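Each in structure tokens, the structures are laid out below.
In the two complexes that follow, subunit A is the common piece, with subunit B as its partner first and subunit C second.
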Partner chain A sequence: MDFLRPASWAEALAVKAERPDAVPIAGGTDVMVELNFDHRRPPALLDLTRVAELAEWSERDGRVRLGAGVPYARIIAELGDRLPGLATAARTVGSPQIRNRGTVGGNLGAASPAGDAHPVLLATDAVVEVASTRGVRTVPAAEFYRGVKRNALEPDELIAAVHLDVARGPQQFAKVGTRNAMVIAVCAFGLALHPDRRRVGTGIGSAAPTPVRAPAAEDFLSAELTDAGLWASRRPLPDAVRRRFGELVAEAASPIDDVRGSAAYRRHALAVLARRTLGWAWDEYREGGWSACA
Partner chain B sequence: MTQRTSPERGVREPTTTAAAAATAVTGGIGDSARRPDGTLKVRGEFAYSSDLWHEDMLWGATLRSPHPYARILSVDLTEALRTPGVHAVLTHEDVPGENIYGLEHADQPVLAVDVVRYQGEPVAVVAADHPETAQRAAKRIRVEYEPLEPVTDMVAAARGEGPPLHPDGNVVRHLRIRKGDAEATADVMVVGEYEVGMQDQAFLGPESGLAVPAEDGGVDLYVATQWLHVDQRQVARALGLPLAKVRLTLAGVGGAFGGREDLSMQVHACMLALRTGRPVKMVYNRQESFFGHVHRHPAKIYYEHGATRDGDLVYVRAKIYLDGGAYASSTTAVVANAATLGVGPYTVDNVAIDCWGVYTNNPPCGAMRGFGAVQAAFGYESQMDELARRLGVDPVELRIRNAIAEGDTMPTGQLVDSAAPVAELLRRVKNLPLPPAVRTEPVDVRELPGGVSNTTHGEGVVRGVGYGVGIKNVCFSEGFDDYSTARLRLQVIGGEATALIHTAAAEIGQGLVTIKQQIVRSELGVERVTVQPMDTSVGNGGSTSASRQTYMTGGAVRQVCHTVRERVLRMAGRRVGRAPDGLALAGGKVVDARGEVVADLAEVLGDEAVEATEVYRHRPTHRVDPERGQGNAHVQYAFAAHRAVVDVDVELGLVRVVQLDCAQDVGRAVNPQAVLGQIHGGSAQGLGLAVMEEIQVVDGRVRNPSFTDYLIPTILDMPPMTVDVLELADPHAPYGLRGVGEPPTISSTPAIVAAIRAATGRALNRVPVRPEHITGT
Partner chain C sequence: MRVTVTVNGERREADDVWEGESLLHVLRERLGLPGSKNACEQGECGSCTVLMDGLPVCACLVAAGQAQDREVRTVEGLAEGADRLAPVQEAFVEAGAVQCGFCTPGLLVAAHDLIRRAGRPSDVEIREALAGNLCRCTGYEKIMEAVRLAAARTASAELSTEDTP
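Take a look at the complex of A and B:
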């Protein structure tokens, strides 16, 4: 097995163009597990940890460009205010060791339906920046997941960064696991309120072949909030609305029975998570701090 | 973890021997002496068996059956042998001796012949110059199987249904316990059906060892095991070598919990080493480890409890089924424990228990901490709670009312002839302070069910409290010739009297190395005690299981200390011209009855080394009779009680154990810190069984052989514990001590499930409790 160690982004792209069979490795928290379990025997590894640009983030015009190689621990420490949803998801990932190594780029590269970043990336309309020697293109998160552990990357492409708006409303993330830490999601839910656009974003994890949004739930809730003037009045949300939202989220999932849980339980739990996270997000919105429109 | 209570708070009645031994020495009996290997382990520098290394060594790999039950039609080694770097590919035809082994019954082939009986059964082994090469070559072995319909239902197997997997049928053992009136009737009757899932020991150091061929045609095996001599016997038989040519040395053991009592890679590595003439190392990875050792027997249990309206137990009837999987392993002993301890720590006049241990094509099950007793306790403690509910009485009061005590008899007719403070333990856990009922805002999500996963900020959270108490036999039972051996050498090294203590008893993390040092220090009054490597050049130390090593090897060390002390005092007496009777050893000196120094120990020893070997046996036990299961089967009983406080998110079915407190009688806390460590660890393992740990098996296949999906508790799942340790001396045991390791594993599971029931109102008759069981979805 060749171990390729480019020192710059340009070099990394050149190497990937030349060796499309080389498997990128960032934190290695997915790749090394696959190698240890002998699920994968790549002819080459492309180590991205020496590419300094990947481990940087920047903010411009209300948008954050998050380098693919920024580990979860730094997202929690440095971006909790700008990207509260992603930071909440990051806090639930693995253990401190995993959060020190693991990256959102790696989560996207693995494209597991259970990846914890995905529900938030979907809910916040994040955009993935991918690059090759042929150029740069952007893919909305919702179009990035293409199947169980498959993503939209071409063989010569690498993930450069993820672009997200600095939060303009409350964001939430919750996941169910059968242990109180260090657990893979049985199901997960991400929620973002966008008062500026009078929209609501959602993302469901571990309850379909890919991470998915719940469009009907988003439309329903956006309409309820707008039609009843709730964005402006900030009145409490009727219970019926929260409940219906939960049901619609559960309906958007297509879960299966597996070792981690049953399909029926996943649906049930998603409804609960959706209802609760909406309650927390709405309470936060009502308490102020977030402006009603842009 | 913290504990409020130290052993000193408990009742202490030191035996005369213990008092005599209490010479002024630091690091002696009763001190929390430091482990000799503690610093290395904490710093990550301790060499575990997987770290073994030898110049020139080869790596072994194992080809295992993908089928739970299949005929082997053909095995083609051609491609594997052709792989560059491969030195040997061996099958059952290459087993030099008898291709059969087993702890209690020899029924398991070293390498499968004609048929495989479980998924993961070894079929062939490979040695190569690189572990990757060995793995790849193993995959190139072509085995043609004819899959057969697996036997997977333990109850059907007990009834004799399905094809026999072994010559004598599928019932490994059926044990009947009968006491009193079989027809007894009662005012109130509670019937329950319970199920226990397959728990794994989940030790962190995977199976590993190194076999080095020797010039005499024998082999030296360095291995992580629980019992060197029983391995030696089985390995020698399979290799067709005399015992003297199979020498075992204990390598660093990374946990065991019963899972290393059976052989794993021992014979395979030796076969490969003898064939290639090169040292061979084998290390399982995590996934292979799940197939490489036995697990806890899953159980199906049917109980019927009858009681008077006042809450006195009138009768207990039970049918207990234990799935032993493809090979017997410890199944007979597991059956014995489940049956003889099947009513729990209660007095009942009328008992009828039938317990079956069976063969199926599920993964083989054998020893795991508290075996037999763990499964039964989930059943009988659930029954006690249900009975209390039906009678409208407090569950602790009901237990206390029926609690067994010293002087009572067990359903086997055996007299409980030392302390059995069951009622006292229950009262103590009940009286410990409860956590505040209402949390003060803001709540840290880590303190709520779901923990860091942020599933609730208090919504749906209901608190519950539950109790459990259990009973366990200590040491080997049923007439087994159970003993341990210790060799001691006392000599002057560097001007200081130094003791070298040598046993074959396996240190598996529990701290026996420290215990041995403490006993020698106290008995001989010397500070410097060197623990020699554990190996088979000294006599059998018996198994590190059944909570027995402090009792048994501790007993042997004490005995050999007495022999050496006697000789040294005679030498001293001669030297100073006094009768040895009035002399004693303390602080590196020989002292008289008044404590006056009469000689320096180092001077008395001079150039001489005083050496002795002693064998210690506990009092004899007996097999129970086959008709009514009567007899003195056990050496000693041990008890622990738990109170669990849980917060349950009743909407999501997630649980957080808020408090898990324990009271346990240990007879004598030889090392108080180690005692607490055992109680913390055992309680955590019981917590794992209560809420998360299960090897999921469907149609004989394991669905979750990894730590990704076989979950064990983390620090956020296990609360800090308050532990109340009692020291009520057992006059039959060395220093009055009582085995510690297993009891806390037994009672913590039912206590936690009882607490979840209290919070949810659900019946919950299966462990581990899964979220679906709570939400009903």
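Take a look at the complex of A and C:
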């Protein structure tokens, strides 16, 4: 096995072009488990932890460019105000040790349907910046997940960054698991209110072959909020609206029975998560702080 | 391959390291530092916790080559001298927070880091900071007690050094 150690982003791309069979390793919290258990014997590892550019984030014109190698612990500490949904999801990942190493780039690379970043990336219309020596392209999160643990990367490509709007409305994330720390989600839900665009974004985790949005739920809730003038009046949400939203989210999932939970339980739990996160997000919106429209 | 890493303040070299090997394996099997324990090799138990560049990480999930030129501190490096335990180690002994002892090295490293960062952590902070360290023996209550004790002593020791002119 080779251990390839590029010192810059340009070098990393050159190495990946030359050795498309090399497996990138960032925090190693997925890759090392596979190596330790002999589930994977790649011909080469491509260490990305020496590429300084990957561990940086920047903000420009109301958008954050989050380097693929920024660990969860730093997202929580440094970006909680700009990216509250992603920071909330990051707080639920693994343990402190895992959050010190694990990255959103690695979550996207692994593309597990249970990855906790995905529901929020979907709900916030995040865009994945992908690069190779051939150039840079951007892929909306919704098009990045291609199947169970499959993503849109070509063999010579690496994930450079994720682009997200600085939050302009409340964002929530919640997941169901058997305990508080270190659980793979039984199901998870991300929600973003976009009062500036009068839209609502959703993302479902662990309840379909890939992370998915719930488009019918988004359309329903966006229309309800707009038609009843609720964005401006900030009046309480009718219970029926919250309940219907939950049902539509559950309908968007296509869960399976597995050791972590049954399909029926996942559907039920998703409806509850959707209803609850909407309640929290709407309460936060009603308390003010977020402006009503652009 | 050869891996050079600073461990407990000393520059160490390991030869013939397999490229897919973990930092934990290098520490235990090549550098003669078996303090960090190997239990799950999948990040679940925390018994391999070390500080890398000052942050608690699972040594079983760091590729050896990723530790090249980094600073690693293991449980063997927590005490300041050969004949004196670190405050957190003393507190674990006094509080009876050690039974079989397998989880202890990882918990010591995680608790040491917490006290350094947080000073006098609340119970919630202690639980959160130790959430990645499993113990099958103690039921955690004695561990909580030990961390509270170590934090209190460290805080009062700092106060009294501030008082001395």
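Everything that follows uses one rule, which is that the second predicted complex is superposed on the first by the 294 of 294 C-alpha atoms of A that agree within 3 Å, B and C clash if a C-alpha of one lies under 4 Å from a C-alpha of the other, contacts with A are read in each partner's own complex, and residues count from 1 in each chain.
To be clear about the criterion, contacts are C-beta pairs under 8 Å (C-beta built on N, C-alpha and C of every residue); 3 or more make two chains touch, one makes a residue touch a chain.
All of these numbers come straight from a predicted model, not from anything done at the bench.
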Please work out whether A:D2 is in contact with subunit B alone, subunit C alone, both, or neither, and reply first, second, both or neither. second
Which superposed partner A:R276 touches (first subunit B, second subunit C, both, neither): first
Considering only touches as defined above, state whether A:F37 meets subunit B (first), subunit C (second), both or neither. both
Determine, under the contact definition given at the top, whether A:D47 touches first (subunit B), second (subunit C), both, or neither. second
Mind working out whether A:I25 is in touch with subunit B, subunit C, both or neither, as first, second, both or neither? second
After superposition on the shared chain, which partner residues are touched by A:R286: those of subunit B (first), subunit C (second), both, or neither? neither
One more residue to check, A:T178. First (subunit B), second (subunit C), both or neither? first
Examine A:Q97 and indicate which partner it touches, taking first as subunit B and second as subunit C; both and neither are also allowed. second
Footprint intersection on subunit A (subunit B / subunit C) at 36-37, 95, 180-182
Sort out for me which residues of subunit A touch subunit C in the complex. 1-3, 5, 25, 27-29, 31-33, 35-37, 41, 44-45, 47, 49, 73, 94-98, 100-101, 180-182
Of subunit A, residues touching subunit B in the complex: 36-38, 88, 91-92, 95, 172-186, 259-262, 264-265, 267-269, 272-273, 276, 279-280
Within the complex, which stretch of subunit B touches subunit A? 135, 285, 287, 446, 449-457, 459-460, 651-654, 656, 691-692, 696, 703-704, 706, 708-709, 711, 713-717, 770-772, 775, 777
For a test of understanding, state which residues of subunit C touch subunit A in their complex under the given definition. 1, 18-20, 22, 41-44, 46, 49, 55-58, 60-63, 65-66, 68, 110, 128-129, 131-133
